[in-house]
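First chain written, first letter: the chains are A, B, C, D and E, and each begins at residue 1.
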Amino acid sequence: GCSSSGSTGTDSDASEAPRETVSLNVGYIDTSINGVGVIAPANELGLWEKYGIDVTLIPFTNGPTQIQAMQAGQIDVGYIGGGAIWMPASGQATVIAPSEESQGDVVLARAGSGVEEPADLKGQKVGVPEGGSGEMILALALLSAGLTMDDVEKVVLDPPSIVSAYVGDQIDVAAIFSPLSAQIMDSVPDTVTVAQNTDFPDTSFLGAWVASNEAVTDKADAVERFLEVYAEVNDYRIENTDQVVEWSSTASGAPADQLAQQAEVSKWTPSDEILANNEDGTTFDQFESLEEVFVETGRMDAVNDPSTFVNVDLFAQAMAARS
Amino acid sequence: MTDIKAQMEAVSISDGSRAPGAARPKSQGKRGRDKPLTWLYVTTLVLGIAIWWLGALLGNNVLAPTPPQVVESFIEGFSDGSLLMNTWASVQRVLIGFVLGVAVAIPAGFLMGWYRWARGLLEPWVQFFRTVPPLALIPLVIVFLGIGEPAKIFVIFLAAFLSSVLATFQGVRNVDVTLINAARVLGAGDGTIFVKVVIPASLPFIFVGTRVALGAAWATVVASELIAAAFGLGRMMQSASQFLDTPRIVVGIIMIGLLGFVMDRLLLLLERKLTGWQETR
Amino acid sequence: MNSMISVRGVSKHYETARGLVRSLENVSLEVEQGEFITLVGPSGCGKSTMLNLMAGLLEPTSGEVLVDGKVVTGPGPDRGVIFQQYALFPWLTALQNVEFGLRLQHMKKTERRELAQHYLDLVGLGEFAHALPKELSGGMKQRCAIARAYAVQPSTLLMDEPFGALDALTRVNMQENLLETWQQERRTAVFITHDVDEAVFLATRVVVMSPRPGRISEIIDVPLAYPRTEEMRLSPEFAELRARVWRGVHHHAEEDAA
Amino acid sequence: MTDIKAQMEAVSISDGSRAPGAARPKSQGKRGRDKPLTWLYVTTLVLGIAIWWLGALLGNNVLAPTPPQVVESFIEGFSDGSLLMNTWASVQRVLIGFVLGVAVAIPAGFLMGWYRWARGLLEPWVQFFRTVPPLALIPLVIVFLGIGEPAKIFVIFLAAFLSSVLATFQGVRNVDVTLINAARVLGAGDGTIFVKVVIPASLPFIFVGTRVALGAAWATVVASELIAAAFGLGRMMQSASQFLDTPRIVVGIIMIGLLGFVMDRLLLLLERKLTGWQETR
Amino acid sequence: MNSMISVRGVSKHYETARGLVRSLENVSLEVEQGEFITLVGPSGCGKSTMLNLMAGLLEPTSGEVLVDGKVVTGPGPDRGVIFQQYALFPWLTALQNVEFGLRLQHMKKTERRELAQHYLDLVGLGEFAHALPKELSGGMKQRCAIARAYAVQPSTLLMDEPFGALDALTRVNMQENLLETWQQERRTAVFITHDVDEAVFLATRVVVMSPRPGRISEIIDVPLAYPRTEEMRLSPEFAELRARVWRGVHHHAEEDAA
């Protein structure tokens, strides 16, 4: 078990309800607008102080490493993209709040390749990064055409290598996400979009903030306060996207135009609505439909009940505390 | 004092060279002397596994697999044939990349050690690329060599080449000048001196290079198999780490470690055969 | 006359951390075709340096060395060298060491092997043909190096204390061998030795060197006829020559010690 | 023939050792001989850049950045200070990891070369881990060492240690037995022989090991900075590759290559100072 | 009597690819405290092997070697050794080489330096104190090795052709030096040489060895008084001894050659 939040820190600056400062280790993806795009505004707006969190921020390049770090007790909270939701869904962490609904996942094909719709994918060499939303959009596309993963020749590559391989004429089809998809479009302009998220309205690729299972039990207070921060930033970023992009770019060194592109394909839900979705079961449904895709791609053996890995109580408490 | 002596005997036997003290009366012939080393190997193996097991149990962490979990994963991999297939794919790549790397490194090292122009032209690049992470080169390799087998082998080749060329180069620089002179006064030209003097005289260095290259080749197999590999131990470990299937990662580590160990022993045998003439400890 | 080796105003200096070492200073020497020169002088007077210059293994700091009328730019198989430190190839057997030079002359295998074995027999190492250098005693290594140099039959033989590690009898045998082939084939020979007796017995001329800086202090003609015999060693003429050479070395050495 | 001679001169100067032929009359002193090498360096540099540029232009795609793009990215990195910060972070890690690795490898190599028990206990593990990809160890390193600076340094340390221990070991085995005997008859014990004979005698090997270790340390920096690094050149390249910002990747490669090159030159200088006694080409 | 070194039924065999080499076969020898033994014999007869056994650098295949009553298990600073191949530490200067053994005796720096310099002067290398071995000539290296062995003042000195690379005068000087200190300090000395004159001049007893397998074939007492002088060399008694030793070596060598 981790040491709990009982540190006798100085009183927070928040005037009306002086709370004890709690410590929290937060991981995030600093090349993602959904990761650094929450952290940077929180820093700029002084929200950690406001909500009394003595925060340690640790940048990562991907989701799975954060889950590893959580299991090793190194971080309490982190952000993962929709492609990694199978990890909490398999019990390795707990979802504490949905983040964005991704609109940026696509299956692309070279103009002369003869691939124009999902059915044409049969027998093709498809570049796809393993264990991410690229794999999921491909699975959905294949499913919609009555095909399975076995009907294509999977070429597993790192996300950036997908672009190298596609632009370098090594593969004709790529299942990839933004902003790398934009790079492909720029380099090979007559590329055809074979499938994209909007083709599958029933399945939303939900990214999420997750907490380690230990943190949820032992540091519930701190995690809840993180959600207070998150709820505030979430609303802020919907209103002030440009500002958030600028802050994020400054904080992480990532190119602003690329972060802006990511923001464009990320659909954010206002915090009130998240609360409502949590309460009426929409959130559970969304994660369950996501799990079905994971079963399809072989990431999971069976669909688990979302209520076992999505904690909606903490978010509710956070919203209550803010109002 | 006694330790040195004992050591000298052991070496003299295992080297095939006869250092002073080789025929110490109290030792009971070849078998008698090799036995303790075998026991030490067993001891260290048991110790290592014990420490690992203890660490895994104490850590009490899903990610630290215990030996039984790993054994289970091994059995699974064997029974569905995937482990052998992956192993075979990697062994091929490593062997080809390693052999090519060393085969190019030895002449390159010689050229660099011997001719000013070669040193001037090659050394900066060798030194430069030696420090460049293979991981960082992968996007470029894909652009120029595609995603097929050649690209993967190239990454391994590069690692093997870059880590052994330096040792060869150094070996050439360290050849005793009197031996070169002896060959020259017997009428040997550059080519003959290369082949007949410099290569044998720098064999101890070349073997260090070769063995380091073998290590580097195996150590790069994961990076190389990031390039669209369908099979391979590196590939297997990559996906295992996606699933946080740590027992399978450990299976991969053990396989690579064992294969590397076996190949290293073969190199060592070759070395002993080829450098038995040395008058060393 | 027909000079085989011309050393013309040669100096050889080494720059060391301790300052300039004048190994040789303005040395000149003409060695004629077919001559047998022995070089004597106290330890460190520059004998090996001189020999290495002739071999083309060192470059003079100033002056020049000519062999057969051409300026020496490097070593060649026309000048066989026996090194003070043997310089056997440790990874080759005695036989293979001797064969090394023959191989470079593209001699056929059987012929090569036979010739190499012949020279090993000559130096009394016939039984050790297949021994590695590390399995040979000091004197055996030296004899192997001698066989290696003889085998290529160079027109000039440059020898740096070749018999230094040999016992008296072997030494005398080797001396006689050497003179025999030298006479038959009219080679040119330069031979460094510390043994005054040996110096006189072998040479047409004994060159006496003195140290710091290395110079030629005296050249002593040996007017004894060839073939030289063991009786000659006992002759008063020989004794006189030996005494002269001894004084030549001695004198400068005394000075040096002073 | 002439080439060997020329080479020997060059070496004799650059080594600080005085091989035969060092004072060839036609050469014009130190500067005269070093000049051509400098020119060769410049030539090879220009050639390399030209080939790159040509390749980039012909390839005509976003993935192969041209020199001007890279220069621009360099300037950008300098002006916002990020490049220096990243460089500093990596340099620290590499230096600490490398120094620790070598500092442990030298005694370990000695122990292994000297004592049977040490060889029996350590060698299997060294050989085993030498071939294990650092990339594959990262999950385990996170489990046992966490995600802080120690974890990153450990990965680099391991790479440096494993690649240099072999050379040291080999160096110890290659020490001329007569030198050891000479020390022993003068009354030296094991410790003294270690320090006063074995270390100096095996310095050429140790330096090969050290230089290989330096290369390995830098080559592992990307892998190590996959462990939640906030700054670092490897980290910078990682994020650049997320956005396919190839000029920045190349900036990273160049920085690592240059730093590695410079550090290698420093090692070389040290080596020349310490092994000037050698009578070699 | 008080035996300093006892060689008791010692054999030393080497297993080689070519078969068993019997370097020494059942050799016994007692060397008394304060004796000066010279070892002579044809090249390859096992002299160096014998010396290395006494030094503790080789282990006998059978039999045993005792020094001062104790079985030899390894080398020690009580027995100084001069190797046939010099074995200088190439990374140390001449002075540092000589200081090496003194440092191990924890001698103070100034004292150590002074003593080392003294011994370098003794062998005529005073000026070359700061030269590296590669900057020394063959004879100079040998003298440096001698100085190094002398400096530690071991009670027993084991010397393998220590004066082989020296010119005649230096050699005679070194012989006289050696005898002088040996007499003063009553050390025990075992000295290998190919020079019969030297063997007789130095020794209390000359041990003649014969090869294949290596055996002691004869032990010749030298009843000349110490200090030995240059005049003694010219005495008929000396000539007679010299001839006996020569025949001793010669005889077996002839046999060997047959």
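Note that a contact is a pair of C-beta atoms (placed from the backbone, for glycine too) under 8 Å apart; a residue touches a chain by one contact, two chains touch by 3 or more.
If you're wondering where the values come from, they're calculated on a predicted model, not measured in any experiment.
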item	value
Required steps from chain A to chain E (each step between touching chains, minimum)	2
Partner chains that chain A and chain B have in common	D
Remotest chain, chain E as reference, centres from CA atoms	A
Dominant chain pairing [most C-beta pairs in contact]	B-D
Averaged-CA centre spacing for the pair chain D and chain C, given as whole angstrom	46
Mean-CA-position distance for chain C and chain A (Å)	84
Whole-Å gap between the CA centroids of chain B and chain D	17
Centroid spacing, where centroids are CA-atom means, of chain C and chain E in whole angstrom	27
Overlap residues in chain E, where contacts from two or more other chains coincide	14, 16, 57, 74, 85, 135
Residue numbers of chain D (touch at least two other chains)	1, 4, 18, 20, 61, 63, 139, 142-143, 178, 181, 184, 241, 244, 278-279
Chain A, residues touching no fewer than two other chains	68, 71-73, 158, 160, 164, 167-168
Interface residues, chain D side, partner chain E - complex	17-18, 178-179, 181-188, 192, 196-197, 200-201, 203, 275, 277-279
Residue ranges of chain C touching chain B (in the complex, touch as defined)	55, 57, 74-77, 79-81, 83, 85, 87-92, 100-101, 104-105, 132-135, 148, 152
Residues of chain C defined as touching chain E within the complex	14, 16-18, 21, 40-44, 47-48, 84-85, 124, 130-131, 135-140, 143, 160-161, 164-171, 194-196, 246, 249-250, 253-254, 257
List of chain D residues in touch with chain B within their complex	1, 3-4, 6-8, 10-11, 15, 19-20, 36-37, 39-41, 43-45, 47-48, 55, 59, 61, 63-64, 113-117, 119-122, 124-125, 127-140, 142-144, 162-163, 166-167, 170, 172-178, 180-181, 184, 189-190, 193, 204-205, 207-209, 211-212, 214-216, 218-223, 234, 237, 241, 244, 246, 249, 252-253, 256-261, 264, 278-281
Residue ranges of chain D touching chain A (in the complex, touch as defined)	61-63, 80, 82, 139, 142-143, 146-148, 226-230, 235-236, 238-239, 241-245
